[in-house]
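In what follows, chain A forms one complex with chain B and a second complex with chain C.
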Partner chain A sequence: MDFALTAEQTLIVDMVRRFVQEEIIPLEINLDPDADELEPEVLERLTDKTKAMGLFGLDTPPEYGGPEIDMVTRVLIAIECSQHRAGIYTPCYGAFGGARQAQLFEATEVQKEKYLYPMLRGEKRVFFGLSEPSGGSDPARAIQTRAVRDGNNHWVLNGTKLWISGADRADYGLVFARTGGAGRAGVTAFIVETNWPGFNVARVVHTLRSAKYATEIQIDNLRVPHENILGEEGGGFAIANDRLARQRVPYAAECLGAAIKAHEMATEYSKIRETFGATLSARQGIQWMLVENEIDIRAARLLVLDAAAKSDKGLPFRTESAIAKLVCSENGFKVIDRSMQIHGGLGVAKDLPLERWFREMRIRRIGEGPSEVQKHVIARDIIGGSLR
Partner chain B sequence: MKVLVPVKRVIDYNVKVRVKADQTGVELANVKMSMNPFDEISIEEAIRLKEAGHAEEVIAVSVGVQQCQETIRTALAMGADRGIHVVHDGDIEPLVVAKILKELVDKEGPSIVIVGKQAIDDDSNQTGQMLAALLGWGQATFVSKVEIEGDSIKATREVDGGLETISVMLPAVLTTDLRLNEPRYASLPNIMKAKKKPIEQFTPVELGVDPSCRIEILKVAEPPTREAGVKVSDVGELVDKLRNTAKVI
Partner chain C sequence: MAVRMNKPWIDLNEISLGTIACHLGVYQLANKNYEIVYIGVANAMTKFGLKGELLSFLNRKQLGACYFRSEVNMAYKTRYVELLQVFYYDHKRLPIGNTDIEPASLGQLRPGGVDHKKF
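== the complex of A and B ==
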């Protein structure tokens, strides 16, 4: 078994690492510690560079103009891209291309023209409206937003969506609503424009993330044209399942990038910080924290690369991607917590990125499927699996 | 015309260099190595000459251990066309590198050799000048601007107290200064192509060059740590300290 990177992957990692060190980190010196956006002209200067590097649109399939990279390389890039203050939720402030709305790749040609391509070009912003006050982990059961057919050409939607990121800044997005009975087959995905009457952002929900907040959406008699159904009626959950499992893998890898950086910072700091006549690095209590960081990072890295490699080989990787998401977010959080502890008071100051990583990594243990739901998926696969 | 660009594998500029415990050199084990930043500027300039239609081919050369191939691949990923690796384990001095480059120039017949003005590890700043002398070519050192004008080069040099613009007949050796250009990032298509680009290998002996060193390194030491300053209460005390403690006035 060979875990070594190929010559190409080594060059790609070097190139991205350098981009982060030379283009992104210097910018952050002058940004608000919680910033998650760049001035449009600054972002444009950076996207010009990522386009010249041939890496713009990392999550765009090659047939839509994205780079031809496999999932292992995508993971290696994700680990590098997230090694800066805003890196967990906005790797490189979006310089490598837009949001991941994998479902829109399943749209019809007409829908693609109207909704997918403007998003890929970075002209339009998109939200994803799945979770409701009744829950987000088991949406097939939880969804109570209703869509009722009104004549041949329209549907009327009513309900509430919660924890929806960026709906107040989006141009359009997906709203999952019940068109049939209970369970998966009763849910349909609609493409909804945010300026249509009946679509209201009721409030902003402030969370641990200072920069980006979630929203609550109130949907009152929102009329949606029939042609805005994405996929089949009753097929809301069938669309893009594979793509969703796939995007969980770089999501996991992004947790790792910040952890690696935090560990590096803690290691460096422990060597210069002296207490009671010796450096922190000379204290066994601190050494063991650094050792645990190292082991947590290595274990998570191998697991996320394993998920990526299985996906590249066309093997089933649902269990692997659940394990990767669980371990990267849980280990990432522990690493950042220890690194913060080693930094003492500095660790909680906004002068350093650790406090932002701490808050945002805490959310990663819940977002994109909480650890317990990942365990549920893994358990189902273990218990349902055949004997080896 | 062809452009030859030597690229040196050095400790990455982000790495904090540490002296080995036995003071025979600096620690290289598990240290990130990269292309000398001045050589990146050289590669960038060579690729720009090619893009502007002045050059047909850019050849990247590295002298040293097996891993120098990685440095050559980086140059290929930026856009160089092919590589030459002169394999040598152990220390190597500027004069030996200059002799090796001369042999390669005789073989390849480039019109321009673009050399970084110095490498960030030993800061010798000798190879380009020695090469020009061995070849009997003109040279423009520390260039911050290069324009091809027929069969000569107009080069702006960074000299003490200002800029000097000179004209050098081709063929010529250029050595690059920091402000000549901003090197591009490698690109995914070039990284993929780099695998297929050829890297020829030679040993110094095959090129007729004796690689042995003429300089013996006796000792490598850390620079002395800076001591904390002192505050003075008034001008009188300052003058006294300058005169009697620092002895500078």
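== the complex of A and C ==
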């Protein structure tokens, strides 16, 4: 197995690394430690640079104007982009293009005109409404939001969505609702506009992540035109699932990027901090922590690149993406925890990015499918015989 | 946690601010009619947190602030946005002191049950 970078990948990695070091990290000196947004004119200046690099719209397919990069390169970029204070959840503050609603690429031409292209032009914001109070990890069974047909042209939706990011600022989004019986075939995806009567962002859900919040949506007799079904009636689960498997790979890589930076900081600090007449790096207890960091990072890196490489080759990569997500988030958390420990009191202070990474990495072990759900997916593939 | 900050108002003066610590969090200021005139945040860039923020208003009378109430909150950024959103929902405008915020960029919250109590 050869994970050597191509000349083009090496160039891209160097370019992105320089961008983070020269453009992003200096900005953070004057930002609140929990900041997740830049002033529009600053973001525009940075976006001009990523466009000049040919790397704007990383998660947009090339036929819609995104860069022609494979998943391995996407992972390498994600590892670099996340090596700053806000990097786990807001890599480079969105200068490489914000999160896209990938499902809308499956829309009809009419839907694309109305919803996809305005999103790609950055004119409209979107949300993804899958999880509910009854659960988010097993949407096929947990979805209780109900859509009932009203005549030929409309559906009426009722229910509650929870943990939905950005719904309060979105113009429209996807709401998954049950149109049939229990299980996967009973779920349909609807494109819903947030100013329609019956769509209510009822509250903000505060979490460890002070920078961005989730919301709770109350859907109360929301009338949705039939033409706003995305894909086919009963085909919502497949649409949701496709997104989840694919985005787990760069998601895992972002966990790794922050861990690499934390480890780098801990290593440097251990060389200059003295206790009882010797540097921390001279102490075996600290050395072993650094060794464990190194092993955790290397293992995670190999696994996330393996998942990306399989995806690029058109091979099944569901198990690999689950392993990558599991290992990168769990190892990343351990690395950041050890790095905080090595820094002592400074590690928990807001002066350094470690405390923010610690809080946000804790969420990463749950977001996009908790570690236990990833194990469930992997176990299913082992026992089902589809692993080899 | 309640969406609206419904704590009692406290006189904005040096004596009462003496009881406020330097934590991170959010606060509201009200005029003599108990109308909210400013919603603020003591973030990690603020020297002396809530105490520092509120003390700075003692010397700035332009908002007519006579009362304050505050909430220690590590999720200060999201709580700050939530307080602004709910104020906008209740009043269809932002407090007179929050002139640096464009309502369109704030996002919309519809928590239900307009709070008609005096703020």
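Following the convention adopted for this analysis, the second predicted complex is superposed on the first by the 380 of 388 C-alpha atoms of A that agree within 3 Å, B and C clash if a C-alpha of one lies under 4 Å from a C-alpha of the other, contacts with A are read in each partner's own complex, and residues count from 1 in each chain.
The rule we apply is simple: a residue touches a chain if its C-beta (ideal position, glycine included) is under 8 Å from a C-beta of that chain, and two chains touch if they have at least 3 such contacts.
This structure is a prediction, so every number in the text was calculated from the model and none was measured.
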Chain C versus chain B on the shared chain A, clash or fit after superposition: fit
Chain A: partner with more touched residues, chain B or chain C: C
Partner chain in contact with A:Arg169 - chain B first, chain C second, else both or neither: second
Included angle at chain A between vectors to chain C and chain B, based on C-alpha centres and rounded to the nearest 10 degrees: 100
Partner chain(s) touched by A:Thr194 [first = chain B, second = chain C, both, neither]: second
Partner chain(s) touched by A:Val377 [first = chain B, second = chain C, both, neither]: neither
Touched partner set for A:Val327, first chain B, second chain C, both or neither: neither
First, second, both or neither for A:Ser210, with chain B first and chain C second: second
Which of chain B and chain C A:Met71 touches, first, second, both or neither: neither
Touching partner for A:Ala300 - first (chain B), second (chain C), both, neither: neither
Least Cα gap, in Å, left between chain B and chain C after the two complexes are fitted on chain A: 27
Chain C residues within the chain A interface of the complex: 1, 3, 43-45, 73-79, 81-82, 85, 105-112
Chain A to chain C touching residues, read off their complex: 30-36, 168-169, 194, 200-204, 206-213, 215, 218, 350
Residues of chain B that touch chain A when the two form their complex: 14, 34, 70, 73-74, 77, 184-192, 194-195
Residue ranges of chain A in contact with chain B within the complex: 7-8, 10-12, 14-15, 18-19, 21, 49, 52-55, 67-69
